[in-house]
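See structure below.
Chain IDs A, B, C and D follow the sequence of writing; residue 1 opens each chain.
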Amino acid sequence: MPEVLFSVDQARSMRDQSVPGHNRWHPDIPPAATVRPGAEFRLECRDWTDNQIGNNDSANDVRDADLTVCHMLSGPIAVEGAEPGDLLVVDILELGPVPQETGPVSGQGWGYTGIFARHNGGGFLTDYYPDAYKAVWDFHGQAATSRHLPGVRFTGITHPGLVGTAPSPELLARWNAREQALIDTDPERVPPLAMPPTADTALAGTLTGEAAARVGREGARTVPPRENGGNQDIKNFTRGSRVFFPVYVPGALLSTGDLHFSQGDGEITFCGAIEMGGFIDLHVDLIKDGMGKYGVTDNPVFMPGNVEPRYAEFLSFVGISVDRRSDTNHYLDATVAYRNACLNAIEYLKTFGYSGEQAYLLLGGAPIEGHLSEVVDVPNACCSLYLPTAIFDFDIRPTAEGPRRADRGRCAVSS
Amino acid sequence: MPEVLFSVDQARSMRDQSVPGHNRWHPDIPPAATVRPGAEFRLECRDWTDNQIGNNDSANDVRDADLTVCHMLSGPIAVEGAEPGDLLVVDILELGPVPQETGPVSGQGWGYTGIFARHNGGGFLTDYYPDAYKAVWDFHGQAATSRHLPGVRFTGITHPGLVGTAPSPELLARWNAREQALIDTDPERVPPLAMPPTADTALAGTLTGEAAARVGREGARTVPPRENGGNQDIKNFTRGSRVFFPVYVPGALLSTGDLHFSQGDGEITFCGAIEMGGFIDLHVDLIKDGMGKYGVTDNPVFMPGNVEPRYAEFLSFVGISVDRRSDTNHYLDATVAYRNACLNAIEYLKTFGYSGEQAYLLLGGAPIEGHLSEVVDVPNACCSLYLPTAIFDFDIRPTAEGPRRADRGRCAVSS
Amino acid sequence: MPEVLFSVDQARSMRDQSVPGHNRWHPDIPPAATVRPGAEFRLECRDWTDNQIGNNDSANDVRDADLTVCHMLSGPIAVEGAEPGDLLVVDILELGPVPQETGPVSGQGWGYTGIFARHNGGGFLTDYYPDAYKAVWDFHGQAATSRHLPGVRFTGITHPGLVGTAPSPELLARWNAREQALIDTDPERVPPLAMPPTADTALAGTLTGEAAARVGREGARTVPPRENGGNQDIKNFTRGSRVFFPVYVPGALLSTGDLHFSQGDGEITFCGAIEMGGFIDLHVDLIKDGMGKYGVTDNPVFMPGNVEPRYAEFLSFVGISVDRRSDTNHYLDATVAYRNACLNAIEYLKTFGYSGEQAYLLLGGAPIEGHLSEVVDVPNACCSLYLPTAIFDFDIRPTAEGPRRADRGRCAVSS
Amino acid sequence: MPEVLFSVDQARSMRDQSVPGHNRWHPDIPPAATVRPGAEFRLECRDWTDNQIGNNDSANDVRDADLTVCHMLSGPIAVEGAEPGDLLVVDILELGPVPQETGPVSGQGWGYTGIFARHNGGGFLTDYYPDAYKAVWDFHGQAATSRHLPGVRFTGITHPGLVGTAPSPELLARWNAREQALIDTDPERVPPLAMPPTADTALAGTLTGEAAARVGREGARTVPPRENGGNQDIKNFTRGSRVFFPVYVPGALLSTGDLHFSQGDGEITFCGAIEMGGFIDLHVDLIKDGMGKYGVTDNPVFMPGNVEPRYAEFLSFVGISVDRRSDTNHYLDATVAYRNACLNAIEYLKTFGYSGEQAYLLLGGAPIEGHLSEVVDVPNACCSLYLPTAIFDFDIRPTAEGPRRADRGRCAVSS
């Protein structure tokens, strides 16, 4: 087991750890530890919400969650010799749920998927499913089942939703400017178009006083992925992956968190993954001047791991960029197309007895694939969603007999 | 070998076949043949452009191609007993290039990928690559190489770009209305937002006179995918796939064409696949009232084949929904995000010596994967492009030494 | 389509082709064609028995087949510049059944699997299944079904059972000597321990007179695999494979045949593959002095293709090296262990309603995997047989309810 | 984390644990714990040798290891309601190395592969490599590297080498009788043909006195796989596998141990896997009367896991059943054929600079596949060994340039 460079007492908030983590991006947040290139080490992680969600049958905790505290990250880790323009090589050696018994927190053998309500974050289908829902998943080694989704069992592609390096002051300023510009186009929208810095709930590692307050005022929220990686929610950042991150500040300042036991492409319920606290083992190295050498100037490059679960048969749903309610064409809009593919999959699953909310939660957490099939055949983009058939304990394929409808239980709802 | 129900003399235009095909969607186009459920049969196909593109080193033919004749389809095939509301089950048993020597047409051991010019169709990156380019590919069994892309060899996921059933008159009217509405928002745009019916070059099978003229006036262009499937350009419609199509007219009236030797997710150069004439073997069956039974009301459902090439290692490029030229955020726009992933991949490949156009052509034709990684982390969608490393005969992975730059030749350009 | 260098009129015996092939290994058989390194070409092939087996419901043809005419090979092809000590690089570009309609021969949309009788060749389980049986398979693109094995459908890993280079006179003499020595240990055994040269039915390409007679007297039978490759029956020699053959004579003299639509590891029924006539497209090249450079002195080396069907779930049967009838231990004998794994699989399948002969035929033709799990734990070797569950249209996995027994029809038997 | 039902203090011998395990098969060994069908639980395991092998650069410990203490097993676990004739369903949920820091034992971030000397167990190639050698492997998440095998890194298919149920007294008597009969055919052979009961070093769980002595006298050694499963060394018993074990005694009495971080098919160096202490999480269930229902009378049946590492490209070596030293044919002997495939692979790897011993160790521990390609083409069986090319950090494929020979270091040798 590699050395633990960031330890978490799962009985306490991230704010109360001996070395607290952070929930904003800012170059001033000091490193929690420093390593040399070639180091292997472990970081322990809190659930992304700092454990606001419980193992129960009510979605009220999802409905009422304070999203401004998210994501609670472990780090930063400084890498000796890293300089702006380098590529930081990060190998994801291993990761998983909380390995010891430490109390009733997510990652103790269970995790959850939540549909966030429209007034509190929303999700990909918030126009169709505006309320809060939840499914709790039990872990069986690398497999997951849920009392809220009977008839389903799958192997998770476990991964960190969020890994990134610290932005430079200039890059941070660009982020804040461009996102505020977007907000300004429709400032009253619910859910909002973007999340500006929020000082109240900011956590800035070991910083205190004015230094911490400055991080609160300036620090970028961790919600979106950006040039530094961040909350990319790429399900294939799994065991064995290698990621090449741009370095923007001396030491690179690598942070991670938001561990997912499993997630489908799109993470469509917003908190669509199976969320958990846990640990992650990393190896780091440097490619000096790698950004220039390889033209990697705007986003990380990565190599997915080779131990993803093997599924060989899929039932696939297609969507095109036509708004089905108004029969309106959207010009090559892959977002609309994928939304339709998701809605088509949900309607299909409903014929087997699942509720729409259950089907939506399933597509968020299961290892589904979302493909941009074509983005050029004007005016309709075409996206497709691949659902592995083997995750169901009944035959999900279309047959002449029609779907085997059954009582499929219910997910956790808000009261 | 199954019975040939639609035969093509590759030395002649689709217009001059004994039983011509069609290049518009319209319910009045009469069936070229009728089969019973359970039938297996072969359809021969022309290249989508009716052979306008040659095996040479100039992209002038791509620049000047008449796109209003596209796509030249084989069919329709009527299925006995099919009625609106059914699902038509179509198994893709086999497909491939033209199997006999019949002259210098695409599919005779070669195919091509074209980047269409902005003034003639455009492509996914037309703002960056506005001119016409071409790569000619040689087939070696299921593998392809190109003199215009030295250093690359891959196994094709051969598939039809276009398969679909005929629309009902009502559905056709909806298509024409909603697409015209989109055009009307910016009628002078280049390339246009959508393609209205174009009578001059319409081909309506065996129809003649006023019946054919009506198809020309009303028939929907075959460019976009729609509810009937159509030009979905899903690369995974390969050998062994099963597709469930909605049936909108009696007999279903199935047509296909636009065969691709290989294509990457997105078909990003517009004619991004490796295009060819050839043949396709199908098996059909019916699920009576399947649309209602399974809630399949808007798009086909399919199961991909299980003989796709196996690639185990990928180099993956990430893009987010920020316009990089203006540093503008686009709210959860997966199209922008995937465009950036493509641009990032191209910039990377350029450091090895390829031109941007070569890299763009490569990403169009090679079996790359395009994933909607997340579409919920406001404001930035994140898409990722998976490039198999084994298709290169040199090491494409980032290393401390930097990229192995070499002379990588050039693609076909327009004069 | 590459140039046809060896053409076969499927209406005629291999003996009556304009350029006949051969059914013995001998360095004197003259090349049917000569190519340069880098060439791509097609060879047409007869069924291995020269079409002795019919598409019918009797196994009498299997029972009475003349095995001394086997295998009817296409070639040899000489490669310019090939010299003893080189490695001949052979890419299997494509292969398949007979592509044109030419009469009722194997490969015309169908093939067969036979269990050979003990008195006529025998098979891996001849002590348990001593009589002749047959299953006829229908081809549906790359998939196969059989009226003799209802409930089963699978994608074939199509491959040539036999590819090899010509032996030198010295190597041929070694083969004949060592095989005769084995025969001499039990000359009366049924089936025989090995097959000595058999002059009567020998075919020596275009040779005639004394030259042909000499081939008859000296030519090694093509039954076993040897240093030159030959009848290795490796199911993974499929599309996209690259094989490196030792070169023993000037020109290498490459021959092939015995095409298999599909086969399981072991080819356990002797004619265990789904046999067919057809075609194969090859590319050849040379590694000068490759045998010495790479230490490849005794057998070919190969790289399997990457378009094999994907199966993700298997039911696996274990066998150990204990003779179950006499409860006798055989010291680390993998042959005994695999035989037990096969017998265990057959007993299992019988509980679903198949006869033992049907199950045996199925394991011969379906894409099963046979693994040498361990060969060191004295005294018992352990082999395991992996049966893909998806090839059955019912659930083959063990459940608390027990097997779903049904009427599974019958295979072709001998009268 | 599931409840720990068998705990191990890795600082102590298995003999000195609070509840000791066992190293013989005998129905009288009392259960260490009892569970109900449906239970999930963890068992902690010692290295198979009870930690006789060290993390150092000498193979003297392998040379001198006392093999009569092997394998140190954890258990037995009794399952309520299990009766002879049932099938015990065992799901391997998770397993891995020792998760806590507990001192310098195998499994603490490292493991080893050993070639046993001819006089102390031997191995598959003991006639060629009669002395003791060792490679120590470092774990990096699921990947392994070795200072004794530079240039190699692979992902392990982690699995227990040994899982089994207790034999009935009758079955145990059969084992002892048939193995003694084999020994009696050549009682002086080195290495011996089989291992009879050995009382001195027997460990019988919590038994003491005469009861323990009886286990010593009668208890079957754990070396070979037998009807109860046992030391099958099947590398695919990995995460997610489900095994169906015959039940021979009330309670089934399940035991396991001999954890392997990775192993190639065949486990050819005897201790060919990467051996380690660690833990395993299991789920158990019952199929009542499953042996009769499914005809599973002689060996377990299993379904491999679906998270094995994906390798897509292999270099494969063929062997036939001819003894190459004497040019003697062995009739359809798959053991001889696979030995030749292994020797061919070793000779190939030597041309890149590895010693034969290094190559042999590599083939034992790396995820190679060993296939029974054909076992019917008299007189030569053909086996093939699939070596993943991606485990090397240099190009292992044959090229015109010849192998890239380099200094590849050395493995641990005995003095």
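Convention: a contact is a pair of C-beta atoms (placed from the backbone, for glycine too) under 8 Å apart; a residue touches a chain by one contact, two chains touch by 3 or more.
Remember, predicted model here, so these are calculated numbers, not experimental data.
Placing every chain at the mean of its C-alpha atoms, the farthest one from chain A is found to be C. Counting C-beta pairs in contact across A-D and across B-D gives the higher total for A-D. A separation of 39 Å divides the Cα centre of chain A from that of chain D. Chain centres here are Cα means. That of chain B falls 50 Å from that of chain D. Among the residues of chain B, those touching two or more other chains are numbered 306, 310-313.
On the chain D side of its complex with chain B, the touching residues are 310-313, 390. The touching residues of chain D, counted against chain C in their complex, run 87, 89, 123-124, 174, 177-179, 181-182, 191-195, 223-227, 229, 231-236, 244, 265-270, 272, 287-288, 290, 293-304, 306, 312-320, 322, 324, 327-329, 331-335, 338-341, 344, 347-348, 350-351, 369-384, 386, 389, 397-400, 402-403. Within the complex formed with chain C, the residues of chain B that make contact are 1-2, 40, 91-94, 98-101, 108-109, 140-143, 155, 239-240, 281, 283, 306-311.
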